[in-house]
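Below you'll find a set of structures to go through.
Each of the next two complexes has chain A plus one more chain, namely chain B in the first and chain C in the second.
Up next, the complex of A and B:
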């Protein structure tokens, strides 16, 4: 077997173990070094992954693990999210008990995400998802002296375990009806499997598990509580890495394993997408807690992404991938600010952001850029992603009324979101009461993370070509476009070619 | 009578439903957690039965993965529930109401 295909996963695991062990020899006063070391390691691996070091396409573990354009696309973003979150931990290292373990857990969750991006088998998918989820149980409840954090952890634990129970039962039914759990082998037999009710029930149960991961209606109820209760940096990683990993798996199952069934279910995905985005947008309106607001916003964004998947087209998948890329930068910029402010003020109510424009211009810039990009205003990354997504949906709107309704609902969602996003900006620059105007000192690592995210948001918004090219290559590797044309032979041909 | 595949699947389906009922109806976190384990074991039983009757060992390998992962999940889960109990002197879902807007 070619172990170089797994080089990223192996190196990130080693980095995590090294950080964990190094803590034993490094004095408590120098703990920041561990954060710097972990972030530097993640940065080096990121440049290695997107540079020449990316492994060539291939499969390992008997076809369970696949390296292709899609996996490389996602791996870059997972490492980027880990890098930014680790940089943000450095300046908050005094407030995190068990700092080395926190960094190591972030890295281990990243390993889970890297495996998820490459999973080409339901078994590896399950193990990768559980690695992410179980690590996040700990990360969410990390602030264990605060009962909100523990409560969020227990809620995530129960809901997460329930979702994995559904998924495991679904995988059992898939295995029973298909006799295999490999995506390519299932794709080769999907014409017969599509008629087997056991297989379809199994697939639906598996999608419940993935729907939970990306917080799609009706499996979204955990998200606001967990986002609000978890330590802000955990929330940042949950909103970026964990969500993107869910979408990576969702896309691979939908377009690589069962493209024909996905094409049949496209209306169902569309309805779920519309409900998700309207639920997220409407519930966000009355929120005072910014973290909870981001929870609802993350639900709404999952809804937009599902609309792109429902289009079942190359342009739809490209839009989903591009949107996710921009979304990761956007959310990281926002949470960088939320983490600094909420750990300082001990609260994440909108009122503690009052007067941020005068207290710290760089933090105010970061949050403004993030919120404006989430609202989908040019020239930010959020605008370009939403534009591509809605364009992919609009392509079908002329022929199918369902897509027209979805397009209108998405536009309504965007308008509602303007209200609550700008509420945050208003309280930042034009507060109702005169706030405390003492300046906030921002550490170097936080500054670096913030600049990295802000530059990313503008870069994707203004010069999206390179990202879109990468996204299109990644989406083309999944070959959903042949399924939509209804050519069963064409859909199974690329799958057969892999054997 | 020799039990066939469908007998095992019926038992597995019953176990799964029983687990789901427990998760939805019971109010103690520990009992909910036990019910979740029941759901996982329902899947294990189905996998082993499918493996045995289809002469395909891959399902049994998957069972080992599920057992390992479930063990890790239980270790983390029980630790969390104990930590919550120490903080709040309660392990009931009714008391998990701190996080609301």
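Up next, the complex of A and C:
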């Protein structure tokens, strides 16, 4: 077996273990070094992964593990998210009890995400997901002395266990009816399997589990509570890495394993997408907690992404991938600021952000860029992603009324989101009461993380071509070899495939 | 994707080493880097800010000269490797730079004048608390202006066009605590936006007709099929011209330029003499190929018949030239005289384009940039010396108190007046008169000659009243010469005012617009008298007339004798022919009425029914949905399981 295919996974694991072990010998006063080391390691691996080190396409573990354009696309972003989050931990290391373990857990969760990007089998998918979810149970409740954090941890644990239970049940049904759990092999027989109710129930239950991961309606209930209760950096990683991993798997199952069934379910995905985005947008309005607001915003964004998937087309998948790329930069920029402010003020109420423009221009810039990008305003990354998504949906709006309704709903959602996103900006620059105006010192590592994210947001917004090209290659590589013809047919005429 | 990007970067960097014309990218980006450096780095130190800004601009100037020598004189045209920016449907916009005779010449002008103005400003604005902001804005302005110059497509040009509008807003309103400056900045911005609206429409028309926004491709499309623009040919041309009308302050959008004199004087020299106002003329020359297409009007505008867009442009230009010259007769503020003179010269240039002489227009633009910047900076030195007194009747006798300023100002005046053989202004003005004559516009030629007589008259009025006679106030009595940082930019600008015509610039430009152009036999300094004696003789005659009249009326005068002799006409000139008043009388009430109507609609329909209604219902929905989010885990698990049931049911249905 070609172990070089797993080089990234192995190296990140080693990095995590090294951080854990190094903590035994490094004095407590120097623990910042661990954070720097972990971040540097992630940075080196990131450059390695997107540079010459990207392994060539291939499969390992008897086809369970696949390396292709899609897995490489996602792995770059997972490592990036890990890098930025680790950088952000450095300046907050004094406030995190068990700092080395926190860094190591983030790295282990990253390993889970890397495996998720390459999973080509329901079993490996489940294992990767559990690695992510279990690590996050710990990360969410890391702030042990704060009841909010523990409450979030318990909620995430129970809801996660519930989702995992459904998923494992679903996988069992799939295996029972198909006799295999490999995506390519299932794809080869999907015509017969599509007629088997057992298989369809199994598939639906698996998708329920993934729907939980990405916080799609009706499996979104945990998100606001957990986003609000968890330590801010955990939330940042949850909103970027974990969510993207969910979408990586969702796309692989939908378009690699069962493209024809996905085309049948296009309307279902569309309806879920519309409900998700409207739910997220509407509930965000009355929020005063910025972290909770980001939770709802994360739900709304999952809705937009599902619309792109429902289009079942190359342009739809490309849009989803592009949107995710820009979304990761955007959310990281926002959470960098939220982490600094909320750990300082002990609260994440909108009012503690008042006067930020004067207190720290770079923090105000970061949050403004993030929020404006989330609202989908050019020249930020969020605009281009949303534009491509809506365009992919609009391509079908002429022939299918469902898509037209979805398009209108998405536009309504965008307008509503402007309202609550700009509420944040308003309280930042035009506060109602005279706020505390003491300047906030921002550490070097945080500054670096912020600049990295802000530059990313602008780069993707202004020169999106390289990202779109990469996303298109990744999306085009999704179709399994044996089912290329079927996928192409489904992609070109999803409407015709409906009953 | 990133490997791809890396390859691209490698390709780009190797391109830099092998293609010297890619220097243009550096020239463009240097001022932007300076502006960013000031905004994010050295803002707190005025000294560092000015040093950064000046060194970036001077480097850009040196690179521009190198580019000019490398490509301009070789007559070689090329376009540095573009990279694609927007690909949406059928709209493809590449970020590409046009490096040819036209743009390298403009690069030298813009960076050169900008560098001198910045050096001058260090002394003129010494101690001003906003100095860093000033240099940041001026770097941003230089970047935007270079962008217009180098843009190889209409969309890119429009983006930089707007950036010039924004940065000039910042510069005109530099002393924003003065209400007049803030108002002037707003007026300039809004008037320009009015023109830009037309420009944008024009771009859309051209794009829809030719399918491209790149100058080269539009040229090719029109070359292959001259009637590609169909019935919209003339309309497209006029819409594009609207943009030029705003930036180059042509009648009836000329009102912003004199008010913009509220900005610091060096800004007036940069923006309102050499660069921003030249952008309109430059844009007309850059897109001249659009105007060469045979004119055509939509069917219901049949009555316009054979009149082409160029004819209308020429008439507007000529009218602006005359109108502004007349207004300049009776202005007392030294900067306003120069402002109206600028308007008048811009009218000249636009008229030249309209008469089919873009080369003449560019020629005059080049020479005018030099001597008008000189005049403005000279005026700045005078104002500086007289403790911010701008009324020429409160000066007098300055010639021996400000020797360097006086001599350089006199050279600038001679160039503007068009003294034959000695000054550059003569040759470029002559080129315009020849263009009018050759283009078959005898009336405009006559108008040009008239303006050529008016120009020396009002300029000498300014020189005689301000520099000669007895000092009329204490400020003038105690005036003393400006510091070195201000005088030597004056000297540096005086050189091209005399010398620029000696190097065959006219032929250089003519060859750009007409590849088959051959320089005239027997050119040289007396060229104009040899091959177009009529224009040269009329030009010289009008100069002599203007000079004589000015000396006759103003030599030794302590008050202006013109109001008595001209009566009502003088009052009209003094009050700028009441344009501002008329605009105020017509547009302000109309504006108010529309505003009130819009406010009512906004308050009752949009805000009441629309926003409040929508906001209320959305907010209600949000609050209602929040009830679902109880925070109770049992509720969550129940809803989750119910959701699973629904999904499984729908999925297997």
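Quick note on the criterion: the second predicted complex is superposed on the first by the 479 of 499 C-alpha atoms of A that agree within 3 Å, B and C clash if a C-alpha of one lies under 4 Å from a C-alpha of the other, contacts with A are read in each partner's own complex, and residues count from 1 in each chain.
Everything below uses one rule, namely that a contact is a pair of C-beta atoms (placed from the backbone, for glycine too) under 8 Å apart; a residue touches a chain by one contact, two chains touch by 3 or more.
Just so you know, these numbers come straight off a predicted model, no measurement behind them.
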* Should A:153 be classified as contacting the first partner (chain B), the second (chain C), both, or neither? -> first
* Touching A:229 in the superposition: chain B (first), chain C (second), both, neither? -> first
* Please indicate which partner A:162 is in contact with in the superposed arrangement: first for chain B, second for chain C, both, or neither. => both
* Would you sort A:138 into first (chain B), second (chain C), both or neither based on which partner it touches? => first
* Asked: Taking the superposition as given, does A:84 touch the first partner, chain B, the second, chain C, both, or neither?
  -> neither
* Could you say whether A:277 touches chain B, chain C, both of them, or neither, answering first, second, both or neither? => neither
* Asked: Can A:176 be said to touch chain B (first), chain C (second), both, or neither?
  -> first
* To do: Give one of first, second, both or neither to describe whether A:263 is in contact with chain B, with chain C, with both, or with none.
  => neither
* Looking at the overlay, does A:200 come into contact with chain B only (first), chain C only (second), both, or neither? -> second
* Residues of chain A that lie at the interface with chain B and also at the interface with chain C -> 154-155, 158, 162, 166, 224-225, 286
* Asked: Which bits of chain A are touching chain B when the two form their complex?
  -> 123, 126-127, 130, 134, 137-138, 141, 144, 147-148, 150-155, 157-158, 161-162, 164-166, 168-169, 171-173, 175-176, 179-181, 224-225, 228-229, 286-289, 292
* For the chain C and chain A complex, residues of the former touching the latter -> 1-6, 8, 84-85, 87, 615, 618-619, 621-623, 625-626, 628-629, 631, 633, 635-637, 639-644, 646-648, 650-652
* Interfacial residue positions of chain B with respect to chain A in the complex -> 9, 12, 16, 19, 23, 29, 32-33, 36, 39-40, 42-44, 46-47, 49-50, 54, 56, 58-59, 61-62, 65-66, 69, 72-73, 76-77, 80-81, 83-84, 87-88, 96, 98-99, 101
* Structure fact -> Residue set of chain A touching chain C in the complex reads 50-52, 54, 73, 76, 154-155, 158-159, 162-163, 166, 197, 200-201, 203-205, 207-208, 211-212, 217-219, 221-222, 224-225, 265, 268, 272, 279, 282-286, 416, 419, 463, 465-467, 469-471, 473
